[in-house]
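First, the structure itself, so that you have it in front of you.
Naming follows writing order (A, B, C, D and E), and every chain is counted from residue 1.
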Amino acid sequence: MSALPLWLVPALPLAGFLGTGLLGTRLGKRFVSIVGVGSVALATVVAYARLLPFLAGDHAPVVERAASWIAAGDFRAEIAFRLDPLSALMLSFVTFVGFLIHVYSTGYMRHDETDAGYARFFSYLNLFMFSMLTLVLAQNFLLMFVGWEGVGLCSYLLIGYYYEQPFAPAAGKKAFVVNRIGDWGFLLGMFGLVTQFGTLDYDGVFQAAAKDPGRFAPALTLIALCLFLGAAGKSAQVPLYVWLPDAMAGPTPVSALIHAATMVTAGVYMVARCNVLFRLAPDAMLVVAVIGTITAVLAALIALAQNDIKKVLAYSTVSQLGYMFLACGVGAFVAGMFHVMTHAFFKACLFLGAGSVMHAMSGELDMRKMGGLKSKLPTTYWTFLAAALAICGIPPLAGFFSKDAILAGAFEAGKPVLYGVGLLTAGLTAFYMFRMVARVFAGTFRGTHEQEHHVHESPPSMTVPLIVLAILSAVGGFVGLPAVLGDRGNRIETFLSPIFLPLANREAAEHALPHATEWLLIAASVAVAAGGIALAWKWYAKENGRVPDRIAAAYPGLYALVADKFRVDELYDAIVVRPFAGIARICWKVIDVLVIDGVLNAGAFLVELAGDLLRFLQTGNVRNYALTFLLGVVALMLVVMGGF
Amino acid sequence: MIGKIPLGDVLVASAALFAIGLAGALLRRTAIVIFLSIELMMNAANLAILGYGAALGTVDGQIAVFFVIAIAAAEASVGLAIFVALFRHTETIDVNKINLLKW
Amino acid sequence: MIQFGPAELAATAPEITLALAGALIVLLEAFAPRTRRAFATLALVGVAASLYFLSRAPIGDTFGGRLETSSLTSVASLFLAATAAIAVLVAKPYLERAGEERGEFYALILWGHLGVSLMVRGIDLLVVFIGLETLSLAFYVLAAIFRGVQASSEAGLKYFLTGAFGSAFTVYGIGLLFGRTGSLRISALSQVGLGSDPVVVFALLLLLAGFGFKMSLAPFHAWAPDVYQGMPTPAVAYLSVAPKGASLIVLYRVLTAVYQGALPSRLQTGVAALAVFSMTLGNVVALAQRDIKRLLAYSGIAHMGYVTITLAVFGRGAFAAAIVYLFAYLVSNAGAFAAVSVLYRDETRPHPVGLLAGEGRRAPFAAGVLTLCLLSLAGIPATAGFIGKFFVFGAAIDRGLYGLAVIGILNSLVSIGYYLRVVYVLYMREPVEAEGPPPLGVSDGLALAICAAGILLLGVFPAGLWSLARSAAESLPFFGP
Amino acid sequence: MEFFRSHLLSTVVFLPAVGAVLLALLPASAAKGARNLALAIATLDFVVSIPLWTRFVPAAGFQFGESVPWVPSFGISYSIGLDGLSLVLVLLTTLLTPVSLLFSLSHVSKGVKGFSVAFLLLETGMLGSLVALDLVVFYVFWEVMLVPMYFIIGIWGGARRIYAAMKFFLFTMAGSLLMFLAILYLGVRHHAVTGMWSFALEDLATLDHARTAQTVLFLAFALAFAIKVPVFPLHTWLPDAHTEAPTAGSIILAGVLLKLGVYGYLRFGLTLFPEAALRFAPWVGLLGVIGVIYGALVAFPQKDMKRLVAYSSVSHLGLVVVGVAAFTSVSLSGSILQMINHGLSTGALFLLVGVLYERRHTREIDAYGGLAGIVPVTTALFLVATLSSIGLPGLNGFVGEFLILLGTWTSAHRWWAVLAATGVILSAVYMLTLVQRVFWNPVAHEENRSLPEIRASELVAAAVLIVGMIWIGVRPDDLLSRLSPTVEAIRSNAIEKTSAENRAAAARERTATP
Amino acid sequence: MERVVFDAAAAIAVVFAALMVLNRNPVKSVLALVVSFFFLAVAYVLLFAPFIAAIQVIVYAGAILVLFLFVLMLLNIRQEGVEKDPRPIQRILAGAAVLLFTIFLVTLLARHGAPPGLPATASETGAPHIADVARAVYSDFLLPFEALSVLLLAALVGAFVLVAKERGAKA
């Protein structure tokens, strides 16, 4: 194999983090750009230096132990990295997209930041890359958890990057805490794994489980659900999705990288990684699928009524993540991972495009104040359009293949309801995406004059990544052609197959759909997507939003509800946050201060009081002293020889 | 029996004297009288001791009493001196009125 | 037929020395007042000499079994002499400040000291009683010696009246015991059958009260706070330590004579009750005290409660524990009073704790020693006080008296409250008095140093003291097997 | 020199005390000299203690032992020794003392000499009780600690220092006094049984007591330790003490003193009364779980930074207690490790809070806000400490928490782990709220804009701790490998000494861990 | 015969003792006590202790009580005021305690007072003679006697210290 060890991949960004973090402020932006981007570039190079031979080779998993880590009692955990098809897939686009976004950031962040802020931003980004790569490459759950929480930390830091704003830090904290709720599940899941398998090592766990399903299956449902709770937290699924929209408070490249392309997909990655466990726990699978579907449609609905360009993208992300879990839930893990990849391309592209728009509009986010930017920002427009079409699933763009695979998977798994909802969601997606495209680029400019003056295309450092990502989202899908197209068949399927260990004494349900059905499905999804696009374009580009306004006017309550994201945040505030604070106060003021200290102080006070009273027995009158003496004698007399 | 006197009589008498002294010490307020009562208690002790001594036919009793009387005398001198010294400050030796030091 | 021969001379040499030293000082006071500043030294020499003679005195009884010389008396005399020495050392600068430096003061201390040592050495109730009275008379006077101060005279009156009252009970008790044995020798009490005789038990109760009075053991304690408050502090330093120890030893002598093995249960109950009452009352009321001397008085009452536990336990080990405790109490309590007499500028006024505010910085040494003494009284480890409590409670548990031990422990928790309050005033408050305490002289500095050293040494190396106490217990003649 | 080499442990223990005596002899005027001398001594002590670490042989049980008769007639002897458990705590102590002294270099102004003396005496007290193998000796050291701490809080503390100092002293004393009686009883018992006096741990461990006696004795010991830890509901002294103590005091208090409770429980409670200990384990664990959640809950609404951190200590030590009660190898290792972690992270937190306090002279959270832009370095340091405290993987806190929870999960009391794990969420809630309100958000008070950045000495002090956090986070085995034999020793001793049904329980739980 | 005389003497002594306690006027109290002591002396004689009787009359009644009188005159103590006690509880408790104690003491001594195994009658010859007393004091009781001397010395000096005129020392 290559001389370059795997640990180098995460190590390089870590070095970058230390460099930018410790010296960045002193040495200035130029240094930071070089180190910050350079480290990631190097990591990417190293990663591909390992990937290409791997892809060329037989895809046999590679495990490299870097060091021993924890050994207590009979528990062992190592720092070990793994390169297998799954991690390779993630690695390929995480490094690459990450690199692109670093480049983009040099342009995006340059103007509005002090040296310190600039250094801070890039050190965070590097730290994120380190964590994400650790997460991807880890060979055991514990090390994955290191990356898992690491990315959570970075997202916390980057969301709260504009810490002077009142909103950003709160959003960051929200993200971290909600993620922690998920991590709680993850932890319990790991404990369960240890009790079942005695180890957290992938091979140890999965092979044992695959070898002897009968023994482990009963316990696995609960474990799988615990793990999924973790995934739901990280990947913003119902009911833990609420942090992701707020996370848009962070700089746009962050939204692109962390909250669209990479981190949020970690949950999907984890579920796919644990496919053995999930496949042994059908009930858990069902839960995953249902949750995914609900998330998908719910988020899509909310996205319909948002006017903040980034919010729309955020909810779209949530929705797409729902898709991915739907895929995993119905057993189409490949489709899920496929969508992870394609989504990384087009959603990153969309976010960066949005960033470019903001950049042009001097920070404006409200679509109602935009319009007609098509001419002013051509590059942004075309790239954005490409990505939008991709996400809508218009063939032959990337999104089409992955989304179609998912829907096919759902149908295939005999879950018509889920399929139907998925299909509906596809339509909604198409609608709100093109609502956005229309509001932003079509029509006439609705912003202020200053903005109009100021509008300009972004620097190449920003546009180049846009173009690259646009191309990828255009062609990225060809790695996974459905069976009906092209004899080469589904390359990604074959590529990923090694990670789906065959389960002993359970024949994998391998019934490919008849071609006719498959054609029908394709047709349906394309039609729905096209319909959505057409309607959106008609209503918003041509009629400039009259119809929807009428609808909104017709059902004000409903509209408000949707626009307010179904008031989920308010709900949580009422049933979780407030009660928590209340109980905390009670514990402090009542139990601690009143009860415990009260009792103790009362005791002390009583003793003191006794003293204060008893001292008055000392009257100063010597006769009383003689009397006490005599009383003492008498008492003694009675005690010792009462009636002799 | 001491000669024709039963020891019981002696002891009862001494007990009575002791009790009376006790009562005086506790009930009177003039320091001197209190001290007188205490002297009486000592004499009660003396009476008992003499009674026992005679009954047991030993001389030790008388000697003990002799010492006690001497001690009583010494106490009296010191005590009276103290009364006088205190009287210089308070113009009284009524112990109810002497309670500068208390609590 | 007893003659006053060389043996008797050797045996009584210690007391004779004290008597003569006192007399000499009085004479010098009368006829050569110039020599006044030598008095303290003279008194010290007297104390030292008497200790020396005692160490030379042959072991055994003399005067027909009325005076004992034994390891017990040696240990006890060491205890007493140390107390006397500290008192004298502190007295000198104190009296100078008060303008009351008079030979009689030292003389009375010496004679009182003589009385106490007779209490310890006498194995004849009459001798013990005379010793007791000598002590009492001397200290009645010492209490009232500041004639210009009403509080002093009042202290004298109270001490005198209550003291005489107590003596009357003692005498009566002695009389009754005499009636049983026809002899005044304590050894005579060891004849069989006395232990169950109600009159004897009653007499023992009277003695318990009488000597408990000297120990300021509640409920016979009432005099102590007032007297301590009005009495010159150096005298208190002596009175609050030596007579208590001596009285305890006397009680042990008498009780062990009657009950060789163990106390009858009801008597044990009575003694235990005294201990508990004394501990609790002393500590609880001490919490409420504002005057340091009264506070220490109540703390002393409490400590007598602790040490009385050993009397309830009743045994050689217990007695040895009591001895250790007494030594610990000596260094701590005498040290505390020494520090108090150093820290207060005006002796004739009351000594509120509040006046000590901030002295921790202005008089670091004295304040430090006071703190050390208080911690030792509180029984913090690495101090003598802890060792004392260790042995006493150990004895109680050894005899299975868990209740007493627990009550004692809880009491010492309460006691920490008021000891620390003083420490807090010393170090954590700003001074209230314009001028700090008077400068530290040689002799009182020496006294403080002795006490501090004693506390730490006993606290860290208790083994020696223990074996000493143990040997003393061995020579307590009347214990059974 | 040779003497010191052969009496290494005693040297480590008493060096500070000797230094304290030297300091005491110094003229009061030489404040600066005293301060530097104290720092020098503490540092020297740390250096001297390093051989303990390097020359330590994990498998060899108690090492560097010394034994000198103290009160022969009662079989009391100054006998000390070091096993893995003591080792890590001793080093934590010798490390934290110079660190906190280094911090107070620039801040303690009045009575520097007294402060240094008290601090060094305190160190000797802590070290002594960590190595003592004779119960009387242990008790002596254990109590000796209180006095200097009382002064440190009472003289150099904050506004309500008197109340806090008194409360601290009385609380701790109340517990330990009953333990004192229990110790006496054990000695007496040993004398009654064997006819020989002894207070040596291994001798007393051989005694077996009637069920009730064992229960009472165990409770007497447990109370003392529970108060020190502190275990809910005996914790209320801690917030006051921590809050009012000077920064250095808080560091030591949180860093070491609290650990002594758990240490005592492991070293004495479990060794002397294994049956009772295991019998009461469910209750202990329950209290631990309550502590975890309760501490976190109460920490959340605090308005005072130090108070908040103090309550977080209650939560963290609750977790440690859970690990001890679960009594599996993993959870025990985790608990011990977590003690060190808590020492480092909470120590660092108190230190950095102190840094802010010394500049603004308030601990009110609302008095701050938006400091990140003003004092970025302090912010970064505080952030790291926070992350370590909330158990971010890669830092020390996580390893301890994970092992405790994992071990507990595999024990007979799985639901403890489930509940205690919520601490992971809650700690994030209150700590991040603190960070947000102090360092993020808009600058609320203009006077904060001129807040000076952390000083070099303070920076060094904090950096030492943070290096420790990362080291343990990445290479916990350095400690765990030294701990595991001790842990096994404690477990095997307790388990084989316990009665049949307990042995059965232990067996169940061993099979639970494959 | 002796018994009658003794009981009479004792009774009178008791009566006058009671008078001493009951009388409000200290001077009268002293005089009552003198009488009481005198009759005690009579009782002593009947107990074969003529020497003690003598000093009882001479020293006690004669010297000490006269000293009391003298001091009373010196300080001219009026008779005790009739005003109520500040704390009546004192009287009640004292009365109760004294009563209890007395009953206990009397019954105890009446029942068990006499030592067991006491010779039924003691012949006059067994009674000690003054000479024996003298001899005993200087031989058998030598130590107490010496000690007593110190005690008296201390008392003397003490009394002197307390009442002697202020001297230069105080200045």
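We adopt the following convention: a residue touches a chain if its C-beta (ideal position, glycine included) is under 8 Å from a C-beta of that chain, and two chains touch if they have at least 3 such contacts.
Keep in mind that this is a model prediction, so the values were computed, not measured.
K.L.:
Using the contact definition given at the top, which chains are in touch with both chain D and chain E?
P.N.:
A, C
K.L.:
Greatest Cα-centroid separation from chain D: which chain?
P.N.:
When every chain centre is compared against chain D, the largest gap points to E.
K.L.:
Tell me which of C-E and B-E has more C-beta pairs in contact.
P.N.:
Result: the pair with more contacts is B-E.
K.L.:
Any idea which chain sits dead centre by C-alpha averages?
P.N.:
Centroid comparison flags D as closest.
K.L.:
Quick check for the class: compute each chain's Cα centroid; which one is farthest from the centroid of chain B?
P.N.:
Farthest chain from chain B, going by C-alpha centroids: A.
K.L.:
How many Å are there between the centre of chain A and the centre of chain C, using C-alpha atoms for each centre?
P.N.:
79
K.L.:
Centre to centre, by mean C-alpha position, how many angstrom separate chain B and chain D?
P.N.:
Between these chains, centre-to-centre, one finds 66 Å.
K.L.:
Centroid from C-alpha atoms only, then distance chain A to chain D, rounded to Å. What do you get?
P.N.:
Once rounded, the distance between the two centres reads 38 Å.
K.L.:
Report, in whole Å, the distance between the mean C-alpha point of chain B and the mean C-alpha point of chain C.
P.N.:
Each chain reduced to its C-alpha mean, chain B and chain C end up 26 Å apart.
K.L.:
Tell me, which residues of chain A touch at least two other chains?
P.N.:
Correct list: 604, 615, 618-624, 626-627, 630-631, 633, 637, 644.
K.L.:
Counting only residues that touch at least 2 other chains, which ones in chain E make the list?
P.N.:
86, 90, 94, 97-98, 101, 105, 108-109, 112-113, 115, 141, 144, 148, 151, 154-155, 158-159, 162
K.L.:
Show the residues in chain B shared as contacts by 2 or more other chains, in ascending order.
P.N.:
Those would be 18, 21-22, 25-26, 29, 34, 46, 51-53, 55-56, 58, 60-61, 63, 67, 71, 74-75, 78, 81-83, 85, 93, 95-96, 98, 100-102.
K.L.:
Which pairs of chains touch one another in this structure?
P.N.:
Touch list across chains, by label: A-B, A-C, A-D, A-E, B-C, B-E, C-D, C-E.
K.L.:
Which residues of chain D touch chain C once you look at their complex with the stated criterion?
P.N.:
28, 69-74, 111, 136, 139-144, 146-147, 150-151, 154-155, 161-162, 165-166, 169-170, 173-174, 177-178, 180-181, 184-185, 187-188, 191
K.L.:
Residues of chain C touching chain E in their complex?
P.N.:
Result: residues 1-4, 8, 12, 15, 19, 22-23, 26, 33, 62-64, 66-67, 99-102, 104, 107-108, 111-112, 114-115, 118, 124, 126-127, 130-131, 133-134, 137-138, 140-141, 144-145, 147-148, 156, 179-180, 182, 193, 197-199, 202 of chain C touch chain E.
K.L.:
Once bound in the complex, which stretches of chain D touch chain A?
P.N.:
170, 233, 236, 239, 294, 297-298, 300-302, 328-330, 333-334, 337, 370, 372-373, 376, 380, 387, 392-394, 398-399, 402-403, 405-407, 409-410, 417-418, 421-422, 424-425, 428-429, 432-433, 436, 439-443, 474-477, 480-481, 484, 487, 512-514
K.L.:
Enumerate the contact residues on chain A facing chain D in the complex.
P.N.:
It comes out as residues 21, 25, 68-75, 116, 142, 145-146, 148-150, 153, 156, 160, 163-166, 168-170, 172-173, 176-177, 180-181, 183-184, 187-188, 190-192, 194-195, 197-198, 580-581, 583-585, 587-588, 591-592, 596-597, 600, 604.
K.L.:
Residue numbers of chain C touching chain D in their complex, please.
P.N.:
Residue list for chain C touching chain D: 361, 364, 375, 380-382, 386, 390, 393-394, 397-398, 402, 405-406, 409-410, 412-413, 416-417, 420, 423-424, 427-428, 462-463, 466-467, 470.
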